[in-house]
Every structure is written in structure tokens, then in C-alpha cells.
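Below you'll find the structure I mean.
Chain IDs A, B, C, D, E and F follow the sequence of writing; residue 1 opens each chain.
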């Protein structure tokens, strides 16, 4: 169960309105790696968690924090939309700067949301639940989380460079710092699990059942062998079980497929 | 530019048809972590790659291999659908086993695809491009790739357990082995980049611009302190810069937000 | 079965082209509360209607009218796109007004539709059938309809303010008037049903089976008690059954959840 | 900012596993009118609220409660999935009851989520943000909310009838009661606003600008006049401004449209 | 503007309920090639039509007919759902036939639609507007229409084979006949346009601007030359301009791409 | 199985960057009729092909070529994005040309992709698998393919007209030529199949089972009889079986539908 306090986790006040930037900032609110994604991902991982209690607690801690990040971004976007030129289009057409703002802002911010934030990304595409990763395997999911915080911090840093508004930058500097923490957090959690279980997900699938002669081979399917110079093609494998092999000319190992004719009742094309 | 050979990378032949299993197997063909996802992800990362040549070459090697995995799964699914009970429903209704097959298979496999594979997941939801991650930052993207191979191997292992068909299991044992390789590959590539650039994405954002007093704090937003026992709450941080802090009672640092009235022309509700 | 006459229900002629406005106007054609939504919603409610005949007739009346509104908007949009600057981009780049038009219009209007309307919203997102509400319970659905006409009239009024074109405004004044009627219509229909069935949907679920001690309590989950001053927190409830209670400090009534370990064959993380 | 306590708002414990019912229950978690929808809708309405403080406070109260409902349903679904027959399919094929469970459950619950809940509906379709309504006009949005609670309670009542599990029914009885409250709450809030602003959304659009001769006319577009017997076709209109008119034979008032030829550079078909 | 009559274009009465078949039949109502698709496609092509009047009239004729087909299918589905076993699940679990029906039907038909049709396909995926093709070029669009009627008739024929219900088959026999007509219609319209404009879309793009040395070459990109035996690899081309060439070993004609480093402010990975 | 060579099938080098055009060009990469669509469509048709070998070989030839077209477009888009004004927004605001570029480009190209191509269309909407047509009936599918190449060539020609960049035009001239070939190819393949099987899909459904009295009737559902002047309303039908009939006043042939009351447990509205 949840409680809310009115104060934001950190200040979210732009120095001045900027409706075009409001559109861009939607990316880290409702995009694939926006705050809604991590909020939902951590909460569902927590609620579905069948592992020991500290993982569930930790997931609900961070998931709850992320609801507050969604709140900060929504609040910021609503304020960036203040004063957007939503009227007098005829006048606007005479002023290329205003016209450019009208062209560059998301029309739904005015028509649909009345100058409010929306749970969409910067292309206006709605957030959807296929972004949420919760597999029940914590090593897999913590890797998903480390990726989410990496893509997320990258996007926030890009957005930081795209504005000079001190108020916006101040809020983003907070989110960037939290993403630094969260990358560290997931790296620590991953290391902790890898040390006891090994690094291949899932660790408890009997490796005898896999086709082991291709388990450590890098296959060169594109012309040119620059790829042979990587750490993925030489030396010990990261799971500590073998040595990387470089297969210069990978050959097919399977059949040339032919399918049987289909049943007459499906009216497909048969030989 | 690409070339095709008719033989599959590895044998894809079920021992007998199983239309209900065909529906399930769609997950690793057209699901979020299916073969279409990694195919598109590695190819787009390769085509967009602005880094040194070995990364581009490596990405196109593995992206090209993945097209062949899509092919193997599509071929397998088409064969699993052979002999599906698509007619004589009245007869079927009398035989609960056949009726259960009819209920459990995906009706589109017959109506739409004429017993062919489709680029959808096991719920019949179409693959879509928001699954594709290509940010231009290789450390971020390699973490996405490691996650994809972890979720992917997990799903294939689960599917392995859900069948006893030796032909299906043989093909899955190949895919599982390749996912072992690919997890190793991305771990190696990640380690290589982290050693020169550090482990926080993006590494070249000036950390002075982030709000550093919260960069290493774990915040306990949910009642109960089990989370304080994790490696993410104590000891040195994984980026080697600091020590984790545990914040037992996190407090808001921001304002209690109030928004200005909106313009009359938008007809929203003002105070 | 349906028939068509060539004349529009009301005149749809812009005074001059405006491709940027054409993009915005798509919202009330193919958006969540656009004309396609109400058309589909009323028709499906009518076709699925199991209630007495006057409801089915009324739903098909208004559903049929809405097809004509879709037609008016599509016609208007095609004309607003006349003369869009789709060529000579190099020239355009020199004229910031033309460049702004190019930036502000939806590129698909030219590339995909050849200056025709499309069944999408103002962000270019396609209309989809999850917008259609048809539950089989008329009180629930008429509330959906009242909401649709409220959101719809709000959006059309906003669009009215965003243009000064007399031809566009004339058509919008017609649509706004019809939305006035349709809000009145659904309010009347709701009142009619509420008077015989009561106001809680569904009315024929035995209220003894609900946990009645929380059926009339407003719970204060966010810090601050401004919400106690609303009509939802004091006085008689609208269903005439009770008095609103204000719960100042809501407490959990449920268990602290713990889940059982999962089966080994799913390779999740267990304690 | 938000805090979490470990106990659920109300008990969520099934008396026994039921993976087929788990699939159905997803509807009120991640469907159009599931708990995620109302959670997001109330929170975004609250964060975007430009009206007086009691509305914002009330919206955040109820939005925060709804996060707890999402939590209860996720917890219930994870437990309903316990013991799902995810292995030994060959054995299962011999037992039609187990086969039917396998056919009737959502395969992603096992393959993707490892027996955890997912933010999707009962057809496996992901929740998406186009379900979220936040227009900035509170009368419009409260009507959306009343509809959401009406559709929601209807669906939960239907699900109540589809099970006899006492534990599931106990939890649903709580959710049904809260939906009773929330319908009452939105009716009260609507009445409060209508009394000061009138009942047509938006109330502050100058009605002189609408085409008033069709503002109160019911138009009979479908053959048969049963619809003339409704309260929407006779007597005073609900906004208190006029009397309903019944138009027996509605005639077109607009032009027969013809479009100009398109530009040669778009290669469309011209006359 | 449109009018409605209460009678269906053709009888839609099943001989008995069949909720599992109702789910399948949704494909030709709300699937990619269902009746909603052709309804929307023909209407939008008609409303956007800038060509001579007979095309617009014809498109609106057939588009209006298709609304009536949507109506027939919705009516049929609602009746197929009559008597679905939506209660007493405990009882059902004892009867494998009923259990199979519960597993095989779409749960939303009961929970969301109260035994009504929905605008979705047989996998429960919502119809969406990206299915609608209206390019402004009639030859292109008539080919889209011919395809739609071909896929549509194929699916209806498959569904005809999947039932033995005389009432359902009677209605499908009508839809199949109309699809026969509509395939003939689009073939006739295509031939008419090709005779005056030629057969390559768009016909009025100056062919000198295309790279004509590859305009008539079949390229053998997959190992094996069975494809050289087709009419697409030998003899005169269908546009009457040339002779097909078979390129046995197609070679790249382009550069080995390398991209420039990106700007520092985007924090991508550069060499 | 597939192999890759580093050289592109044809040169893809813009003469100068143009981020606004990059957004537009996405349409033919990731739009409904972009290269990803034909790539996936031809490959899935090939892998699912149950007909004689030359069809499978041909489909895999062209499907493999299309992967190379995706590569060319992705490469071109990445280069068009070079030098996009992604920083110094304050400066940009003073220069309307730069501001227009910022407004007209897709913000995700910078924020999400770091100046790389994405598998989306020109509205930023992701490619999805519902675009892929693979029915198992080759005549139906080849018509889908002819349509795809017609819409595709039309869009590329439109994009050709929207730029004057010689490098971009050079690449487009290659793609246009290949689309000329591919339209010829599918026309040839269609003719080949029609000659042996007839022209109505599916050809092997017994026409006696269709309601033959409406198999060749054009029905005039919209007022005005311009449509009677088309080749679809007079003369022999294209399948060679009959003569087109023009039905001036089409009448309903079906019942006036009424539905039974629903079960009490679903709480719908009954009479």
C-alpha cells in the first residue's frame, strides 16, 4: 500500500516556458526508457518476486522512488507548457519564431491535455506495457534494469545538453545523479548473484543439454575479419568454462527445408 | 548486402506435429526477446555504428547469424502446424483432446497464415520496432544485448522443459548454446569498454554537473529495512568512486507544486 | 444496411489551405475522442444491444449520423492540404515561413496519402479499436458516451480557437452544436435508466456480496486534507444509501505478501 | 513523493491455484478499465491540475490508493499461477483436464513472466497510455472517471460470478465496494461542478458561436422511430436551455464535395 | 451523409451458439483483412478521391455496402455467444467439454463485452488504422483493394470449412459471393486504368530518372537457381518495355559505408 | 542461412546533411510499405512456402535483396543526420531556419538513437508485424506483393520530388528502378498462376457453395449513378464466368435482428 506527500522528491521548476522542449522531455517520462518504464518494471519485479526478502524490499524501495520521478517530470512538463502560443494562429503565421514553436510542439499537449503532461514519448507514441520486463529470474531482470538505467541516463544527459534553462538543468542534474546510483546499484546486485550462481542465465539449466560444440564459438558471418580482434573472439570466456573460438567460415549444419502440402480445407498453394 | 544459402544453420525438424506448442514457440520468434528482436537490434546497431571498425563488423556478424535463427524457428513452427485439426469441428467437439488442441492453438495460424509461422509472440501480439534498441552508445547497447540474450536463453530453456519432442529439443539445444556464447560475447565486449571508459553510461558526461550528494545513496522508500543488507547499500560503489550510503528515512527535497491557471482559449478548469 | 447520399450533413469548406492545421484537425477525426471513435462505439453498442428496442434504434440513429461527421472532417482535411508545399524543398529552406509549414505538417499527409485525410490522430498515431466501449450494460456505456461527447466538444472548441478561418469555424460550429445535443442526449438517457435501476453500475449485483464497510469511505492517502472539503467526503452519498465517511489515516487491512518458490522447470530465482 | 508499506490494502489470497482464472483476472489489472488505467488517470489528472487545491488533493488521494489496487491484483495473480502445469506436456496430453488448463492459460505467464502477473489485459494485449484521460477540464475528466469506475465495477462483478473460490471472491468484494464508493465520489464531484458551471463541457465556450439551430435536435438517421419515445427526444433538455426536437427525416445541409486535382509531384490520380 | 435500415443486407442467424467459433469469426470482422478494414479503406479512398466522378461514386457505393457487412458479422457473433458458459466454473472444471469451451473462447467476449462482438481480430488484437490504405493513386489503391478481397475471401472460405453450422455457412456463402464480385470489380477497374496509363505505379514518373540498368533484372541472391525458371526471369516484361534479365551472381554496386563521429553532446561511442 | 558483405548494393551518400528529410525518409524504411515490410513479407512467404521449389527460391532471392535495401536506407539516414543542430538551443531560437530544423526533425533521432536510423515510419510510429502478409496462398500473396511494390514506388517517387540533393536522388533512382522490376516480377508471377488456376482467390473453393446470385452484381449504395459507367458494372466479368449486373436500388435480404437477453451473471441491460 502506498502513501503520498505533496512535496516533490526534488525541485522541478523551469526558469521559463518552452513548449518545444516539453515535447522532447516526454521521452524520459513516457518513452521506452522513461520513468514510467522503470517504475512499472521495478514494482512488477517486486510484486512477483519469489526470492529472498531483501530483493523484494529493494525492488519496492526503488520502484516507489520512481513514481516520484514520474511526478517530477509531469510537473516540469506542465510548467514548460505555460504560455504556449495556442491561439491567434493568424498572427503567429506572421512571426516565424512563434510559427516554429507551433510546428515544433506536440499539438496534443494543447488539444488533448490542456497544457498537461501525457504518458507518451517524444514522438507522441503512448507508453505501453511491453516495455515492462519481469521474468522471475533476478539475474536476467537486473541486467534489464542496468540497461534501463544506462539508456535512461544517456537520454537525460542528451536532454541536459539540449537546454540552457537553469531550472530544467537543475532537475535533470538530480535525475542524472540518481541514475548514477541506480547503475551502481544494479551492478552491485548483479555481481552478488553472479558470485553464487555463475554468470549465464539461467544458471540452473543443465549445460549438458545444450549443443556444447557451439557454446563458445564466434561466427564470422560478414565479410571482413575485424571482429576477430575483439575480446569476444580470443582468450577465456567470461563464464570461466572455456576459450573463445573464431570460426572464419561458418557452414550450415542443418537441412534444406521442404514443407509438406497443406490440407485442402485451407486453400493454400500446394505443389 | 546479403546472400542466402538454402540449408539452415542447424536442423529444425520436429518428431511430430504439435499446434499448441507452435503457438508457444512463437514467443522466441516474434516476442520482445525473440530472434526478430535481436536480428533487428544487432543490424541497426551495426548500420548506425560510428565507433571503430571491429565493433561494426562484430555487430553485423551476429546480426546476420540471427536472421538465420529467425529462419530456423519459422521453419520449425510451420512443421509443428502440419496436421492441425482445422476442419470437422463438429467431430472435434466430441473428442476432448482434439477440442483442447483447437482451443489451445492460435486460430490465426490456420485462418491467416495457412499453417505458417507469423512474426508475433505467443499471445498473438505482433512484433514491433519499439523492441529495437540502438542508442549510438555501445556500452549502453551492449548491456541491452546482454539482457536480450539472458531473457532469450531463459525463455528457450523454459520452452525446452515444456516439450519432450526430441526434434524440437535438439534445435532448442542449439539455440541455447548460441545464447551461452552470446552472453559470453556481450560480457566480454562490456568489460573491454568499461576498462577504458569506466562503467557509468555515458562516461563522458562531466560528473560535476550531476547533483553529487545523491549519486551514491540507496533510499529506503518502502517500510522495512531488509534492503539494507544488500551489496548495493554498503561498501564501495562499483564505479570505484565512492561508498554506498543507506538513507533510512528519505525526505522530499523539492517544492509543493502549484500550477498557473491555463489560458482561457483552452477551456480547462482554473481556480 | 446503409445508404449514402453525396451531400454532406453540413458544409465543409475552408477559406484557404492550411496544412499545419490539417494535422491538428486529425485529432477530432482519428483521435481517442474523434468521430471514428463515437461512430464505432455507437454502432457496436447498437448491434450488440440486448435491451428494449428504443435504445437500439437510438444508438443506430446517432451512430449513423457519426459516419457523416467522419466524412465531413475527412473532406475538410483534404481541402486544407491543397497547395501544401511538397516540392522544391531547397527553395523552401530559404523561406522560413514555408520551412515552418514543412516542419509543422504531418509528412505522411503528402508521402502516404497524397494530400488526403488519414484515420489517425494529431500525433500521427493510428485510431485503434481499444477506444471502442461496448459492455452490454447501457448505464455504463451511456456514461462512456457522455464522456466521449464531453472530451470531444472540448477538443473541437480548442481547435475552434486555434484558427481564424471562417470556413473551418463554420463547420466546427456545427460539430460543437451537435456535441451540445449529444451531451444532452446522454444525460437524458442516463437519468432515465438511473431512475429505474439506481445509479451504481451494475445495479443488479447483490450489494450484500460487497465489503460494505468500505463502500462509502473516502480515504486520505496523500498528505494534506484539502480533499476533506469536497462533496465526496461529507453528506449523503449519491446513491442515496449512506453518508460519506472521511478516513484520515487509512491503514492496511491485508497481509504482507510472500510468494511460494516457483517450479524448477521455470528457472526463476527462488530463496 | 511516495512511500510504501508492505501490507496490502486488503487481503489477496486465493484458496487454490487457478491459472485459467489468472488469465481472466488480468483484465481488471491491465485492461482498458483495469487498475493501472485508473491509477495513471487519477495521478496524471492530479499532477496536471490547475484548479483549486481540494481537487488536486482528492485526485492524488485516489490515485495513490489505486497503486495499492494494482499491487493487490498482481499479488493475487502470482498466487493463482502457483502450481500451473508447465512441464511434462506429454503426460498432460493424456489428461484432458490438464490439457484444457494448458490451452486456457496465457502461455506468457509461464514463458515470459515465470508465473508472475503482467501489465496486460485478459487477451494478453499490453496496457497502453492512450487509455489515460487527462484533459485539464475537470468536468470532462470526472465523467471519464465515473465511466471508468462503472466499467470497472461491471467487469469485477462479472469476474466475481466466474469463480467460486472464497479467497478470490473476498478480495473482489473489497474492490467492488471501493468501486461503489468511487462511483459515488465522481457523481458527487460532477454535481458540485455542474451546479456552478452548468452541465455542458466546456461551459465557458460562448454558445453564440455554435450553430444553435441543431443544438437540441435528435435526428432519426435509421429507419424506424422507436427512438422518438426516449427522454432524449421530448421535453426539456438537461442543460435547462431548450426543448428536445425530433427530426424525423434529417436532410443534408452541406455541399456535394469535389476536390481539386493534386500537384503533379505527388503522382496521384487526377481527372 | 448516411442512412440506415434495420434489416440486414443478408440473413445472419446461427443454428446454435458456438463461443469458440465466435472468437475465430472475429478475424473477418476486425482483422487486417476483415470488413472494418475494407469499409474504412473504401470510404477514405472515396472521400480523398481527386479523380473523375465515377471512381468516387463507385468507392462510396462499395464502402457503404461494407458497413453493412460489419453489421452482419457483429450480429452473427453476438448470437454465437448466446449461452456461453460464463458461470459456475467449478462445475465446468468437471466437464472437459465445457472447460475446453472456456479455454477456447475469448474471455473478453464475456468480461468486457457482455456477449457482444468487438472490433478486434481472432487473436483479440484491436483493429487499427494502419490497415487502411488510401494513397491518392487509384492504380496503387485498387491493387490494395484486390489484395484485400483476395485475402478476405481466402479467410472466409477457411472459416466456412471450420464449421458445419448451416446458418453460419449460409451467411458466409453470401460474403464469399460478394468477395467474388469484388475481386472481379477491382480487376476490371485495374485493367481500365492500366490501359490508359500503363501498369507501373506511378505511371507519370519520368522513367529517365530511374537507374534503368536494373529496372528489369531478376537478381539471384539465394543459392540455387530454381528461380530462373519463372516467368519473372525470362521473356518480355509485363510493362511491355523490355526483357527480363537473370543475374546469376549479383554484385554490390555501392560503397563500404563508414559514418563520421557524432557530436560530443550526444555522448555516443566514437572511434 | 545468410552471409553479409560490407559493400552496399548501391551507393548511399547524401551530398549534405538534412535532418528534416531524414525524418521523411523513415517512411520507406519503417513504414507500412517500407523496406522492412517487404523484407519480412517475402522472407516469411518463402519460409512458409508449401508450393513448388521455384516459388520458394524466388521469394528468398527477393527477400534477401530487401535486407540490403533496409541497409542502404539506414545508412543514408544516419548520414543525413550528421551535423544536426542538437545543442545550443538558445542560440537556435534566434535563427528561425535552425529553429525550423529543430521543429521539423524527429527528436528521437537525437535523444534515442544518437543520430542513427530507427525502424519507424515518418510519423515516428514503430514498424509492426501486422504489416506482414503471408497467407500460404500464393496468388493472394503475390497480389499483396504487387500492391506493396506499387505503394512503395509511389512513396519513393514522392520523396524523390521532395529533395534536390543529387546523392539522395541517385540512391532513390536505384530503389525506384528495383520497384519497377518488382512490379513487373509480381505481375508476371500473378499471370503465371492465374493461367492455371483462374483469377479468383481461392480458386479451389467450390463455387457452388457461394450464393451465386450476388456473385457478379454491382450494388449502387450511394446516391448518384456515375458508378454505372465503369467497366465493373457492364460487360463480361474478369473471371470469364458471367456478365456484370448493375443493381440500381439494392434491397436488404436479411432479418431485422433482435438479440436474446443475456445471462444474469453478466449484468448487462436486458429488456
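What we mean here is this: a contact is a pair of C-beta atoms (placed from the backbone, for glycine too) under 8 Å apart; a residue touches a chain by one contact, two chains touch by 3 or more.
Note that the structure is predicted; figures quoted are calculated from it, not measured.
Participant: Considering only chains that satisfy the touch condition with chain A, which of them also satisfy it with chain F?
Facilitator: Expected: B, C, D, E.
Participant: Using each chain's Cα centroid, which is most distant from the centroid of chain C?
Facilitator: Of all chains, B has its centre farthest from that of chain C.
Participant: With centres defined as the mean of C-alpha atoms, identify the chain lying farthest from chain F.
Facilitator: D
Participant: Roughly how far is chain A from chain E, going centre to centre by Cα mean, in whole Å?
Facilitator: 33
Participant: How many angstrom lie between the centres of chain C and chain E, each centre taken as the mean Cα position?
Facilitator: Computed from C-alpha means, the inter-chain centre distance equals 27 Å.
Participant: Where the centres are mean C-alpha positions, what is the separation of chain C from chain D, in Å?
Facilitator: 11
Participant: Send over the residues of chain B in touch with two or more other chains.
Facilitator: Counting only residues that touch two or more other chains, chain B contributes 1-9, 32, 47-48, 50, 53, 55, 57, 60-61, 64-65, 68, 75, 78, 86-87, 96, 100, 103-104, 110, 112, 114-115, 120, 123-126, 128, 130, 135-137, 139, 154, 157-158, 161-162, 202, 205, 221-222, 224, 252, 254, 257, 259-260, 262, 265-268.
Participant: Chain touch graph shape: choose line, ring, star, complete or other and state it.
Facilitator: Drawn as a graph, the chains make a fully connected set, so complete.
Participant: Taking the complex as given, what residues does chain B use to touch chain E?
Facilitator: Spelled out, the residues of chain B in touch with chain E are 1-6, 47-53, 55, 86-90, 93, 96, 99-100, 102-104, 106-108, 110-112, 114, 120, 123-126, 135-139, 193, 202, 204-205.
Participant: If you look only at chain E, which of its residues touch chain F in the complex?
Facilitator: These residues of chain E touch chain F: 5-13, 32, 53-58, 60-62, 64-65, 68, 72, 75, 78-79, 82-83, 86-87, 110, 114-115, 125, 128, 130-131, 133, 135, 137, 139-140, 143-144, 146-147, 150-151, 153-154, 157, 160, 169-170, 173-174, 176-178, 180-181, 183-189, 191-192, 199-202, 205, 207, 209-222, 224-227, 229-232, 237-239, 244, 250, 252-257, 259-260, 262-263, 265-268.
Participant: Considering only the defined contacts, which chain D positions touch chain A in the complex?
Facilitator: Residue list for chain D touching chain A: 1-9, 30, 36, 40, 43-44, 47-48, 50, 57, 60-61, 63-65, 67-68, 70-71, 74-75, 78, 112-120, 126-130, 132, 134-137.
Participant: In the complex formed with chain B, which residues of chain E make contact?
Facilitator: Where chain E meets chain B, its residues are 20-21, 23-24, 27, 31-32, 96-97, 100-101, 103-104, 121-125, 155, 158-159, 161-164, 221-224, 252, 254, 257-262, 264, 266-271.
Participant: Would you tell me which residues of chain A are touching chain E in their complex?
Facilitator: Residue positions touching the partner: 154, 157-158, 161-162, 265-267.
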